[in-house]
Amino acid sequence: MTGFTKQYSPPGTSPGALVRRDPGSALDGQTQIEVVRYTQDEMRVDRYDEIAMVPMPDVQSETVWIQMHGPVSPAVLEQFRTVLNIHSLALEDILNTGQRPKVDEYEGLTLVFLKLPWITETGEIKTSQVSLIVSNNMVVSFIPDHDELFEPLRARMQSPSSRLRQSDSSYLFHALLDLIVDHAFPILERLDDDIQSIEETVMNSDPNSALNQLHTVRRELLVLRKVLWPQRELIGRLISRENDWVGKDLDPYLKDCYDHTVQMIDLVETYREIAGGIFDLYLSKESKRMNESVRVLTVIATIFMPLTFIVGVYGMNFSAVASDGTPIPWAMPELHWSFGYPLVWLLMIGITVGMIVFFKRKRWL
Amino acid sequence: MTGFTKQYSPPGTSPGALVRRDPGSALDGQTQIEVVRYTQDEMRVDRYDEIAMVPMPDVQSETVWIQMHGPVSPAVLEQFRTVLNIHSLALEDILNTGQRPKVDEYEGLTLVFLKLPWITETGEIKTSQVSLIVSNNMVVSFIPDHDELFEPLRARMQSPSSRLRQSDSSYLFHALLDLIVDHAFPILERLDDDIQSIEETVMNSDPNSALNQLHTVRRELLVLRKVLWPQRELIGRLISRENDWVGKDLDPYLKDCYDHTVQMIDLVETYREIAGGIFDLYLSKESKRMNESVRVLTVIATIFMPLTFIVGVYGMNFSAVASDGTPIPWAMPELHWSFGYPLVWLLMIGITVGMIVFFKRKRWL
Amino acid sequence: MTGFTKQYSPPGTSPGALVRRDPGSALDGQTQIEVVRYTQDEMRVDRYDEIAMVPMPDVQSETVWIQMHGPVSPAVLEQFRTVLNIHSLALEDILNTGQRPKVDEYEGLTLVFLKLPWITETGEIKTSQVSLIVSNNMVVSFIPDHDELFEPLRARMQSPSSRLRQSDSSYLFHALLDLIVDHAFPILERLDDDIQSIEETVMNSDPNSALNQLHTVRRELLVLRKVLWPQRELIGRLISRENDWVGKDLDPYLKDCYDHTVQMIDLVETYREIAGGIFDLYLSKESKRMNESVRVLTVIATIFMPLTFIVGVYGMNFSAVASDGTPIPWAMPELHWSFGYPLVWLLMIGITVGMIVFFKRKRWL
Amino acid sequence: MTGFTKQYSPPGTSPGALVRRDPGSALDGQTQIEVVRYTQDEMRVDRYDEIAMVPMPDVQSETVWIQMHGPVSPAVLEQFRTVLNIHSLALEDILNTGQRPKVDEYEGLTLVFLKLPWITETGEIKTSQVSLIVSNNMVVSFIPDHDELFEPLRARMQSPSSRLRQSDSSYLFHALLDLIVDHAFPILERLDDDIQSIEETVMNSDPNSALNQLHTVRRELLVLRKVLWPQRELIGRLISRENDWVGKDLDPYLKDCYDHTVQMIDLVETYREIAGGIFDLYLSKESKRMNESVRVLTVIATIFMPLTFIVGVYGMNFSAVASDGTPIPWAMPELHWSFGYPLVWLLMIGITVGMIVFFKRKRWL
Amino acid sequence: MTGFTKQYSPPGTSPGALVRRDPGSALDGQTQIEVVRYTQDEMRVDRYDEIAMVPMPDVQSETVWIQMHGPVSPAVLEQFRTVLNIHSLALEDILNTGQRPKVDEYEGLTLVFLKLPWITETGEIKTSQVSLIVSNNMVVSFIPDHDELFEPLRARMQSPSSRLRQSDSSYLFHALLDLIVDHAFPILERLDDDIQSIEETVMNSDPNSALNQLHTVRRELLVLRKVLWPQRELIGRLISRENDWVGKDLDPYLKDCYDHTVQMIDLVETYREIAGGIFDLYLSKESKRMNESVRVLTVIATIFMPLTFIVGVYGMNFSAVASDGTPIPWAMPELHWSFGYPLVWLLMIGITVGMIVFFKRKRWL
């Protein structure tokens, strides 16, 4: 939840060594390889068991999209190094999925690391790393979980008239980028709903239930923000890039992605400010409520303490006769006055009325 | 209210697909098309039902202002794509009105997306997206609601001697920009009044009523800020732009708009700081008020608790004779003293005076 | 006080239209025109009723300083447009005095809008807009109030040996700029005194009186800051400018003004931090004071509540005989013990001592 | 713990004077010198007592790694000045280990000062300065403590097939840099665990124990941040450097280090925000808890104070006969009513029920 | 203490007029002039009464260091204007010692204004302005107080083998700069100690005494920060300067000063964050402590108020016989029950136990 994935090589490991931190874990060997080859006219989907068995694309004639689903093992990546001649440092970043969104340029290849935010069934917000290797006529995509993500793309690809089929790998790359970037929109929508409901709760009624929820929303905004800022920077660099695999006509599309990211960052920052404002409001409402409690307490105590004292006075048992039998005139003569009892009531009512007037003046009532 | 409009295409949608998120809603098909054609000498206003029926302007001879009022349907925008050859990504942004203010340059066309802030009848602050397509001799304006906005422009246009009539589309564009930018002024004026009244309330009297109001003002400042910052950037880019449709003589006017935006941002930031300061003041007043309550409570309790204890002591019923009838000399002999009762009063008055002196010294009274 | 002057044209007004927002107000027609013409040898002061009657300066031979005192009417500005050929947008900014400090360059003319902060007789801090039109051999100054401001300049100008008389309009401009910039110094001095006295109050004694005052100082620092930051930027732009009316030898003087502004901004930012620190200190002192009150209350209640309960017990009237006359041995036999009363006192003293020891241990006493 | 090491020369000392601030301390003379010479084929490890006895490397044929373990004395550094012709200012920075991470370029030599963060056995986070002198075919490393740090490197170096053995001093430098940079990962992991456990404590149960711990984590984040920011800047400068000792093929490795640092800074900043959020949450929970206490107190006092007053009234001893024996009809006649006692109970139950209804309405119960 | 020195010329004064704000004060006429002339072989120290009597240095043959101790009078500065041909604006800045650290370049001369922070005997932190005029073979230093500052330099200068004697005025300038910059180290050391002691107090025991002290430390950090930031900028500009009086070999020394300043700023910013964190900790501890008090109060009141009410009930005097003598069976029959008194105790013990269980469950005990 804090964005720390614990997937780093121990300090002193040779950089580029393809070692998973917990080797032999259940994660290995489950990678599914699905290869889509398409031209405008044809499209073929194959599944392979080993990356070495995937035939490399014939230059220019078709576009190949290699989809690696599930967690990749070091062994699979090792094959990539051999086949595609990719720098081992880049492969290490595919393996250890705690990367910050970034773009690395190698000769003839571009590696793009993205974060895909998604909502779990229990409503938590998670991020998965999507790694893309893009070249002239090939895109390799790595996605550790949430495989159904690319379904809309595959569906669009079915139609020979779609722009996807009519274009090359750079448009496929853009479609993937667009898909991942836009995945933050439903999350923003949910956060928007959350914030509005929390705000309503805090402004109108008992806000205590909203406190943990508010904290959670602020945390989720932090996570989203940590994804979006470097993603914006990344797309900005792609726009002003110089690659041989990307046509100039992709620019409006990248610019569109960029605008989406900027818009999202805008929203996230605004939400953060709003959440902060709601927190302030919560604190001040809490303080106001305590003030009310204390004021009620003070008014009640200030009125009844003197009264209780007075009735206590006339509950004392001072004897009208001394132990030797002589009468004591000073011993609570009020108790024997004809109007003693009504006078005490008068006194007490007077004190009460005085207090009430006093508190009304002070605006405490 | 949080600035999230929920008008985004679902992730994975083909970019540039003109699909409204809730298609078939009541919003479709209500677009009113009003076309103003003018030269310095003539001016003609026509209404059309379909955009395809609008005759395209003859180059250079006249300026055309196509006003699209009300929400646009994808079908209408599709016609624009055909007629004006506009990139579908741009049209998508006209359809989904949650855009950040921005300017997009296409060949021969510039698209400007602006936010128009306005006050509803119930006093709420809303923003509407105004989209402008500007070319050499044409301006197309899209405004989803608040149609009466452009009335002052149409009025100024009536007069053949107005600068609007004497100039081309670039000046018309500026007039629209100026109009939209300046619409924040009345809102700032209202916020200014709000803040001053809240401040007065908090500084002088019972501030509780002002709390929700203060929160609302801070929210509205956030909304305004989110509109103004990108708008400033946008105008800055327009000033340093290279377009064929805009003459150098427009520069002072754009510079004027820019100055207005900077001035507004200045005000908004100052208001934010002031509102924050008022919030701090509120909190500290609240704390001061609670302090007073607690102090009153403490003083009352500290004075009356000992007194009540004392009168309680002499309300005890210890018997002067044991159950076997022998007299008990230690059983509350004070009750039988001649001056027992006055002495108790003296003791209690002494305690009270002592307490008062103590509290005076501590400056609690 | 919030820096919003409500002097803006309504949205949709033609830009550059010289319309005061509340036309026909008492402000019109009171402009006093005083013209100083000087060379190193001569100096003449004239008063005019209309700007059209002011003879324009002969090039190079003398320097003219046209001083417009009091609020200007649109009519007067209209004359300026005719005579000096000034862009109406610039004149609009002279009329609507809510401008941010800025410098506008036109051909042969430079317009500088400055904010002059000053202290009213009641101690409030206000800002007035000073507008300057500077050309080769002329300076026009507009100042709506506070006319005596320029007195020191006029005095210095009397002496033929003064640098003012020996220089041209650019030095006169600098002298005005310097005068306006330095006017913040006495204000900073007063704020410095205010802050020090508030700080002393908060640190040593009863701080409640200081709260509103602290809020006011923070507000005034905001106002000053809003003046100083754009003013710094403005002078920075003047230093790196390219004007025909300004000699290179003015640079050290502008640099001096710039340094003053930077120094003031430094002070204002430091004061803001100090004021924030004092506010924190106030809050924590308040909290500490409340803590003390609550602690006294708790100690008193914790000691006396049990005691009052005990004496209440022995004030109960349980009868030693049942209603049928049989004696009840369990009915408060303590009341008939020989040492019942002293034992109760022992018990109560024991409880009190125990409580005090307990509170001493907890450091509450 | 605050990052101030007190190892600075007193003001006015000649810069570059190699004087330890506390000379003659236990730190001197313990430097261990271990020299590793390696080519791809051979590797030799020697230990020396004096730096002067270390033979200088033959150019190009082999790479030399001189490891200085333990605190260095000025005398040892003096030898370096003579042998390697290093500027005394640089040597001073090796001696006084409170440097900020930085890189200094001299002719033929580069000095890099890094901070190695590590966790002590008691769980505290410390930082040690590692100083590196890098030239064409030599690396000198100074590390005052924590000698076992370089063990993984020495182990990797054993294998002739390792990249370390196959490369020159620039790759050795990178391996050291990588090692030091990555040492922050385990610390981040521990902080991540700490923060999550604190957050859980604060959100769910009694948070008081978590307060000091939270403060400590925030302090440690500050320390880490102070190390990471300049380290990032340093590596950035190394990437865009121009040195003769570093080959272009090192770039991906440096870029990798850079990415790690950026990722760490990202985490640290996120943790700082999260820790701040937890602190806010703590404060508001505390306030909520106090509110509950006060509310309970107020409810109890508001219910029982009137009741105690009422029973006090009927505990008064007003006598039904005056001292002269005449009966007093006003003296508490209720005490003699047939249903006086049940009526008092009815009254008290009524008051209690009323209060409870009142508090239920106010949502205090 | 707030850094405002009140030494500014009144607004409207001619810039460069050498007028002290409070002329005729005790400050005038006390300037001591001490002139050191040195080559590598010789060194002579002379004292003069008037600056006009100081012989100007012969070019290239020797270096002259003119030390002006004590406050300078306008008259003395006037002499400098004549002798050295210095711009009067620069001299004004020497006179009015409230300058921000800055460097001004004039032809053949550089003026550097620095702030020297020092600790008074009472432990307060003050800053003095040190002004330096540097030319090809001369340094003039102005220091208003704290004369003994330069002693270490004069001592180092005695030795002919010192680098000071072997170098020209640029190294002397550096030595002065270094001295002044490094003077912040002992202050940082004291602040470090202060912060650590305050932190310990706040974390472990009664923090009230630490509050004012913490505020003072924060103030002193503000002062130091205001000195260090412009000083860093100043040295940065000196490094990238183009002066005729400064050799390229000074660069490492200036770089060293720059590093020191950056390191100090780092420390100051870290301290500011730590002090803020301690303040937060203080507030939350205070809040926690109040919470404890209130909880104790609530527990005590909740237990004893019902008990006191119960004993109050049985202290009522309802008569078992009506005033007409008929027995009243409802008049407190419990008082006559055989086990009335023990039953009341049972009831009260039951309530107490119930309350304690309740509070244990709520974790209030």
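First chain written, first letter: the chains are A, B, C, D and E, and each begins at residue 1.
Quick note on the criterion: contacts are C-beta pairs under 8 Å (C-beta built on N, C-alpha and C of every residue); 3 or more make two chains touch, one makes a residue touch a chain.
Fair warning: this is a prediction, and the values are worked out from it, not measured in the lab.
Chains that count as touching both chain A and chain C, per the definition above, are B. Rounded to a whole number, the gap between the C-alpha centres of chain B and chain C is 24 angstrom. For the pair chain A and chain E, the distance between mean C-alpha positions equals 39 Å. Along chain B, residues 283, 287, 290, 294, 297, 301, 305, 308, 312, 315-317, 332 each make contact with two or more other chains.
The touch graph of these protein chains is a ring, one cycle where each chain has exactly two neighbours.
Around the closed ring of chain contacts, the path that opens at chain C and continues to chain E reads C, E, D, A, B. Residues of chain D that touch chain A in their complex: 151-153, 156, 162-164, 174-175, 178-180, 182-183, 185-186, 188-189, 192, 195-196, 203, 252-253, 255-256, 259, 262-263, 266-267, 270-271, 273-274, 277-278, 280-281, 283-285, 287-288, 290-291, 294-295, 297-298, 301-302, 305-306, 308-309, 312-313, 315-319, 321-323, 326, 328, 330-332, 363-364.
For chain C in complex with chain B, the residues that touch the partner chain are 1-4, 6, 8-16, 87, 89, 93, 98-100, 102, 104, 206, 208, 211-212, 215, 218-219, 222, 226, 230, 279, 282-283, 286-287, 289-290, 293-294, 296-297, 300-301, 304-305, 307-308, 311-312, 314-317, 320, 332-333, 335-342, 344.
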